[in-house]
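Quick heads-up: structures coming right below.
Below, subunit A partners subunit B and then partners subunit C, in two separate complexes.
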Partner chain A sequence: MPSQLALPHLLTPYVVSPPKSSLTVVSSVLGATGNWLVLRFLYAALGNSPVSHPGYGDPEFETRKKRRVVLVSFLRGWEFWRSEAKRLGLDLARLTEKRQFAFVDGLSELFSAPSASSQPAPKPQHYPGAGIAPRATLPIRSQPVPTLLRQPLPASSGSDGASPQTVREPGPTKRLHFAGSGLAALDTIEKEITMVIDELKTSGPGEDEDEPEILLVIDQPDFLLAATGLSKGIGATEMGEWVMGLQQAVSATIAMISADSPLIHNGSTFAHQAATPLDTEHAAFAVGLAHRAEMIMQLRNLETGAARDVSGVLRVSKGGAWGQREGAAENWEEKEVLYFVQRDGSVNVFGRGE
Partner chain B sequence: MSFRKRNIGVSSGVDRTPVPNSSTQPQTATQSAPSTPGVRPSPDDGRPTTSTGSPSLDNLLAGHGGMPIGKLLLLEENGTTDFAGALLRYYAAEGVVQDQKVHVIGMPEQWGRSLPGLIGPAESADEKSDRRKSERMKIAWRYERLGEFGAGVAGARAPAGGTGDQVSSTDSSQPTQPAFCHAFDLTKRLTHPSIGNMSYIPIRPSNEPLLVSIQKKLEAAIASSPPNTVHRIVIPSFLNPTLYPPEVSQPENVLPFLHSLRALMSRPASRITAMITLPLSLFPRSSGLVRWMEILSDGVIELCPFPHSADALSTSGAATSHEEPPQGMLKTHRLPVLHERGGGSDQNIGQDWAFTLSRRKFEIKPFSLPPAEGDQEAQDNARSDKMPKKADLEF
Partner chain C sequence: MAPSNISHRQTHNLLLISKLLSLRDTASPLTLLLDSLEQPATPLIKEYIRRARLSKVHVTLIAFETLKPFDGVDAFIPARRKSPSEMLKEVGAVDSSVASNSSNRRRLILIDSINPLLHSTRLDKSFHLSTFLSSFIVPSGPAASKIDSSLVITFHQDVPGRPAQSPYAPQPLTILTYLATTVIKLHSFSHILAQKAARDRSLVPPVFGLAEEQDGVLLGRLDKPIGKDSAEGGVVLEMEYRRKSGRGVLEWYLLPPASRYPATQVKEVVTLLDDHPLYRPPEEVGFADGEEEPESTFELRLTERQRRDREGVVLPYFDAQQGSGPGEGGRILYDMGEEDDFDEEEDEI
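So, the complex of A and B:
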């Protein structure tokens, strides 16, 4: 099988070095999730095997230049991303140590009251574990927990044994909290993420090159919209601006959103059933992002029903912002391909009938 | 780059090995998961799994032969029947029998008293040794006959998961291997010493939002139990207006609750599984809220019971004369672990499933419409069809 490459050939032009100040939208549905594609983006940016193909944004730009990646995940924890990236040969824990990667945890404590220890700790070093003991969020229990966490971890976490002092499981560098309502709450989250971005920008590994390029990957920002809604003063407009604000801090952004038909089509006036505010706001947010995106990668199920050797369909199309950049020499074309995620985590991408 | 090579080695050793080599995999994984009754490594990738209490549901879960720890299964049901509730009772009863901590949300203690009774130990032991002998032959026969198709099915009943000779080796070395999954009888009541150990979180009005207080009670209950306990969270007919006040079904209440539940379950130290049933007639799948609930779940299974009038129709099928007619269709929209990775490569995907609930088991099998009566040509075609039919899987 030719699938042993971590980056399938057909996929390479689309995931390697997205152009500067661009937004790429990856949309997924219930039965065709996009985590594997996000991992490919991470691999293209962080993997240390040479990627021979020019990027889709800058063809003559040297693609070997190291990018740094900030991954903000609202639906999946550090453990999932770490273990899945490991299957690709990407050691996120080590990359975090080397300050090339930062994980922002939007899952663990988003809606629970922050425990006392997690508030004044901007540096990731203060977070030795990803919650070794079950962290209680009740105020009475939050006092004894930090002392537990500060203790050196058992030897099992020193995965390589090379540097037992530093190779502790770094865990999520930052945990997001949603508190309050409306723009203030969004601003707090935005500030926390930009803080991580700035930290990654400034702390280079000693080289005095110009400012490193940061790729921001946001896993399902639409959840934030769905879980808060208009009653908390957050709508599609606010979320759109929130993404825009984050875009300004980084060189390229990838947003993964859900595009299931109830979430997109219920909002339209031709829908059969009355749309709830959740539906309309989600549709507005998703469509708005698509208009601002340079490239849209849609994942969906096979229309003809499930197949044993096809996981889904990937359609790459131009977004609303395509071609608006000056001097853009686009060297990718719109395409629809099939993909198959194998049990070992490798991916086959192939055209129909191939 | 030395560290990179080592990484590849690690991942290819543990993860990349395809299923057929499962004889080595469970052994490596057993070390990481200390032997807790009711928890065994998945034959697919070695992650710890626990049984749902009904073998055929275990088989359905993407080759893991059980429910992976840390995953949340959403069972949706159309209509007014309560087949999903029966699955939920099996799940809770299995937890009680395995000495796991069962947390029931929104139901009084009577719910726990009506769990299906364990089929007597002596009786089941006899049955089991008999069954195991014949099973070994059947597994071999089925592999030969069906090729890959049976792979997912085979892992579940054999305790160590895997091939036939593995079963025999565990038989000789560990004669007292605790059962992974038990058989229950819906007409009896479960009596087990640890049934009093179940915890109930009632729906009671308080001054904070209902689901927030439920979440806090749940976290407190889990935090106060000994560290290695395996927990099961059971939420019967979630959002049902006869149980839950109407404001609970607002997205800004439900979705944060499910998100926090997900966060709780994904903590590295916790060993929790959860099963939720949702009445689809009240909350249709075409609404954005339900879709978000599905996205937040690791597995989504929809039950579509046949209307009662269809009984006559389905009994008339020629192929099913010797077995019980299916009572409904079962759709898998999402399976734990598999879909999180991207989905696709499971043999069970794309099958039409039918379920039959009888006194002793909830059975899920491939659904095939019998050829219309009198249509001789179609009946012949069906016989020579490549697809394995119910008769091949049923024994």
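So, the complex of A and C:
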């Protein structure tokens, strides 16, 4: 039965082995989120069953060679990804121990002081407390999702707060901290992520000498932009350069961004009303990334309204950077398909009318 | 339009685009490419590089968004986190190395996207776009005078810019289009065809991608299943060339996909858009030699003489205008022809 396959056939050529030093952009809207697609990317890189289909990168690339994945998530915590991946049959905790996977948490403590330092970690109970200055600068528009998800995490990570990572988190689950402003703050975050990448590169089972290929998945970096913004000296260009810096450290990058109408079109050149700085910056960041991407996977709602057996539409298109590499393999074509995420987490991908 | 006019335009404008793309005689020191997600400038930039290689022009790429250099680029300068003055210094360093190598005196500087620079928060007040750009073209230094530099800048039209700091300062795009000696706007050929087809039927031309303003749609382009080997894969160039006299030349061209011709082809590959059979279908062969009328047993056509006679008929209202009294005008004046067969009884009715 096709629904039992972790990797639907129609999807396989697009998620298996993105080409070297390429950027793939997955854009999503509120009603059609891209978690399931990110999980498919993880599965294609880490899954046990060898995927026989040649990827859209090198045709001769043998997919049996395991890739390693670094997942940087700004909107969802470790628990979410672990449990979702488990439904696919991926044990992220075990893979972390085997040094094939690393999770970088950009959500839990992004705007709190580092808990490893001498002062105890701030507790969620006293949000409006005086001592937590960085929290107060969060813009009002920060989405409600992080706060909902944020609640259980600090609670579970040990009440003493001295070293929560050793208590709860398995393996190198790094937590990002945003401190200061502007480029320096972004540089710190970039350094922390590249440190995780380097760790993953060097420490390994070591069955082959050559450097393992690292796939970097950045989940919603636009949250970082929205939460900091111009007042912190961070704009679309800085974010773009930040992604570029990370790209240089890994072999392929996948970035998830939101493409909801207000975020894209208010600031766009086609709009006629005045846009807020966030609108402009987000649109510039998202469209700029799309210009640099080789492949863009766009998720959106069904235009004709909600349906019981369709979750949304997936359109795979060639991005602005497509065709820049000499001899770019043309063994994938642009496509638009429908998908349906079932209750058990499995996904059906099918063409219109099938 | 007279046919001689068309052929004159063809030869003249094809020569012009050939001169521009091959960077001959520094025809255009500053070329601005306006692209969008629907039609990225990559094919055109590759065409520039291809021609530069053929004529041994030194190519420099200042990369704001490219990680790896294109094939055929001689000097690759990543611009990430660099200030404009640092970039200028690096380009200058390449300059002197080009100058020492006396074999090629022409130079092409590509900027893959100017948007990140314009959008940067780090730019201080002292940064002036025009000064920055002109210092590439007119480098200072002793060796500089020997090199002819052409600058080709890509600007993504769909990336929104930040509102200007001062309400009186022009937008960067305005400055760029003002400074540029050639502006080339890129369109996807299949979109141009779709829009033309709509206009031909007096429908509203369709829009694509971001302009659709549909939730979740960044890119509307989908290569059609048949589009692969049909001729629709080209790039349409809408060119505006400003002559030294100030007069502008506007023309639409079509750049075919790179797979259509060998990389070493010297002959011009760009054609006028109007010459493309899909854009302007050749008039049907049967159309010119006589309006073919439906076959029937009646003779529906007029002979030459019949037509002359018919034109000679004075219609009643011309006669009525002479106004020779009430009730006088408006007679039917008819000169009887020899083949007319006079009806005796007609007057009796």
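FYI, the second predicted complex is superposed on the first by the 291 of 354 C-alpha atoms of A that agree within 3 Å, B and C clash if a C-alpha of one lies under 4 Å from a C-alpha of the other, contacts with A are read in each partner's own complex, and residues count from 1 in each chain.
Basically, a contact is a pair of C-beta atoms (placed from the backbone, for glycine too) under 8 Å apart; a residue touches a chain by one contact, two chains touch by 3 or more.
In this text, all values refer to a predicted model and were calculated from it rather than measured experimentally.
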item	value
Fit-or-clash call for subunit B and subunit C when the two complexes are aligned on subunit A	fit
Which of subunit B and subunit C A:A32 touches, first, second, both or neither	both
Touching partner for A:S317 - first (subunit B), second (subunit C), both, neither	second
First (subunit B), second (subunit C), both or neither touched by A:P13	neither
Partner chain in contact with A:Q248 - subunit B first, subunit C second, else both or neither	second
A:D260 touches, of subunit B and subunit C: first, second, both or neither?	both
Which superposed partner A:T237 touches (first subunit B, second subunit C, both, neither)	second
Distance of closest approach, subunit C and subunit B, by C-alpha atoms in Å	11
Doubly contacted residues of subunit A, that is, touched by subunit B and again by subunit C	32, 260, 275
Complex contact set, residues of subunit B against subunit A	1, 3-4, 6-8, 10-11, 15-19, 44, 215-216, 219-220, 222-223, 250-252, 255-256, 259-260, 262-263, 266-270, 284-292, 294-296, 300, 333-334, 339-345, 347, 349-350
Complex contacts: residues of subunit A adjacent to subunit C	21, 27-29, 32, 182-183, 230, 233-238, 240-241, 244-245, 247-248, 259-261, 264-265, 267-270, 275, 277, 280-281, 283-284, 286-288, 290-292, 296, 298-301, 303, 315, 317-326, 333-336
Contacting residues of subunit A [partner subunit B, same complex]	30-33, 35-36, 48, 74-77, 79-80, 84, 86-87, 89, 91, 94, 107-112, 130-138, 141, 160, 162, 223, 226-229, 231-232, 258, 260, 262-263, 266, 273, 275-276, 278-279, 282, 305-312, 339-345, 347
Residue ranges of subunit C in contact with subunit A within the complex	35, 37, 40, 42-43, 46, 65-68, 70-71, 80-81, 113, 115-117, 119-122, 156-163, 210-211, 213-219, 221-223
